[in-house]
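You will see two complexes here that share chain A, one where it goes with chain B and one where it goes with chain C.
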Partner chain A sequence: MKNDNPISPHIQVYNWHISSLVSISHRITGVLNYALLILVCFWVISLLLGEKNYEYFKIFSNSFIGKFFIIGFIWSYIFQILSEIRHWFWDMGYGFELKTTKITGTIVILGSFILTIILYIAKGILI
Partner chain B sequence: MLQATKKWIFQKISSVIMVPFMIWFLLNIVEIFNAEYNEVVIFFTSQPSKILFSIFIVSTFFYSALSISEIFEDYISQENVKKYSNLGVFLSSLIIPLITIISIIYL
Partner chain C sequence: MVQISLPKNSKVQKGKYFKDKTGSKNIRKVNIYRWDPSTGENPRIDTYEVDMDNCPSKVLDILNKIKNEIDPTIAYRRSCAHGVCGSCAMNMDGKNGLACTKSHAEIKGEINIYPLPHLKVLKDLIGDLSTLYKQYDSIKPWLKNSKNLGDAENLQSKEDRAKLDGLYECIMCACCSTSCPSYWWNGDKYLGPAVLLQAYRWIIDSRDEDRKERLKKVADELKLYRCHTIMNCTNACPKGLNPAKAIASIKKMLATS
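Right after this comes the complex of A and B.
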């Protein structure tokens, strides 16, 4: 069947608001999380290669890039979780008022950073 | 029921299943990311993490495949490109979690 649905206008045509920022970030982190989950799966599969080969991963996980990776991973997933919860409220018919969307959008953005810091520090990775 | 409505319902159900397991995995990955080989193997092979991790990857891949197909719908105009992109995401969302779960069983 031929699909005649129009595609979305490019995001650059819109003025930026909290809601649009959270919306596009939700999509970007969604795709990012998909890619990150594939990497996690490859990591789990690589365990079959044995302890000796795992040393290569240890070098990566202890490096600066490894730390950046895990912080980025945590942030991206927390953002997705908070934004998804925001969507649940919308699905139930709550939170559509302009002021509320700004507040919940801000909570998603700030909350993702705050919770990432809390989780990262609480688990003592920085040490 | 419209195809789009069915897709939306599946997306919402998988999202409700996925989020608690996502939280569980986040709380654990910060610990096991830097752990020694034996600790990581014990984590993935012991119960209940073996089951929880399997549900986490299956629900997240399922949710992601549906969500990413929506993105393709919005931003890809060429039907052929859209079709093969969806097929790629669908197949990888099926094969990768399957191989991962089999790997955990054989660990």
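Right after this comes the complex of A and C.
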């Protein structure tokens, strides 16, 4: 029998929690990282092709869009790594208490931004 | 399959407005999801002005007040009113819970009440849980033991009994399963937190002789591993249980056995 009854609202009405936010961001950054690896490939290719070609990459990386990509890239990877560490602990059976997940989730979100800023500043000092 | 937006027949429309007739100064607006199977119309949100001076403390009290004094056509499940039976599970203020234990003072602003998310609606706040019950049936939720003990008790050590704490309290209200995005998108195949917690309750029971078989049955890409530790289940559980942890324990047992 075909059931034509309506489906009750779900994502439209459900509140976001820190843990669900980190979870969906983990997915999105996972896909992003995959795509952003192409950027790394271009970087390596430009290195292989020599100094002149590397200049092109440098122009790109110093442009507004280039900087946006690189900072986004750093953030996306840091987020993924921190969140993955959280998953490791879960896989070992630790950190399931509501309070703990809230704290670790907040650490992942805040930590990803703080580490991105630190890393970007460090890059400026090192290079 | 992931479908973010609601299908055409499920889009929610603006409904009727029930103005307060008591002249009370302490009024709260309550928005309730309504759907009448006899009309063929889309679901709607009806708004009720409720006199809070003469209303007890829980969300269920508001619903009872509306049904008794304002609009008797509203349909919802309820029975014990003490958080034991699990009938009045619904989505209040964007979070699943039991209407009989949820205090309306905790909710700021207008009170929004929906049925449990992503279920086929039967009427108003009543969702169809038959898929979940079928899944519950599939894990064989009873003790499998071949010992013939006659009239004697089937004994268990204190430690083994303690393993069931945090599991046996589950009342199958479905707050957790219907809060889970994985269950929304794959509810036909993924067992969901409520059923998996129950599965674990029998897997971990020292008196049960079917552990291996139970684990084998649940070890499935879709049945079990659609859990991505989103933690909505644990956030929603009105009994303070931790389905996410129970699911992780099953995964761990499978990984280490």
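The rule is short, and it goes like this: the second predicted complex is superposed on the first by the 108 of 127 C-alpha atoms of A that agree within 3 Å, B and C clash if a C-alpha of one lies under 4 Å from a C-alpha of the other, contacts with A are read in each partner's own complex, and residues count from 1 in each chain.
To be clear about the criterion, a contact is a pair of C-beta atoms (placed from the backbone, for glycine too) under 8 Å apart; a residue touches a chain by one contact, two chains touch by 3 or more.
Everything numeric in this text was worked out from a predicted model, so none of it was measured.
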item: Which superposed partner A:G93 touches (first chain B, second chain C, both, neither); value: second
item: Which of chain B and chain C A:N5 touches, first, second, both or neither; value: both
item: Which superposed partner A:L37 touches (first chain B, second chain C, both, neither); value: first
item: Which superposed partner A:I59 touches (first chain B, second chain C, both, neither); value: neither
item: Contact breadth on chain A, by residue count: chain C or chain B; value: B
item: Which superposed partner A:I121 touches (first chain B, second chain C, both, neither); value: neither
item: Touching partner for A:L110 - first (chain B), second (chain C), both, neither; value: neither
item: Partner chain(s) touched by A:I85 [first = chain B, second = chain C, both, neither]; value: first
item: Chain B versus chain C as contact partner of A:L47, first or second or both or neither; value: first
item: Common interface positions of chain A, toward chain B and toward chain C; value: 3, 5, 7-8, 27, 87, 91
item: Residue ranges of chain B in contact with chain A within the complex; value: 12, 15-16, 19, 22-23, 25-27, 29-31, 33-34, 36-38, 40-41, 44, 53, 57, 60-61, 64, 67-68, 71, 73-77, 79, 89, 92, 96-97, 99-100, 103-104, 106-107
item: Touching residues (chain side chain C, partner chain A) in the complex; value: 4, 6-7, 9-10, 12, 33, 35, 37, 42-43, 91, 93-95, 112, 114-122, 127-128, 179, 181, 184, 228-232, 234-235, 242, 244-245, 248-249, 251-252, 255
item: Interface residues, chain A side, partner chain C - complex; value: 3-15, 17, 19-20, 23, 27, 87, 90-93, 96-98, 101
item: List of chain A residues in touch with chain B within their complex; value: 2-3, 5, 7-8, 27, 30-31, 33-34, 37-38, 40-41, 44-45, 47-48, 51, 54, 58, 61-62, 66, 70, 73-74, 77-78, 80-81, 84-85, 87-88, 91, 119-120, 123, 125
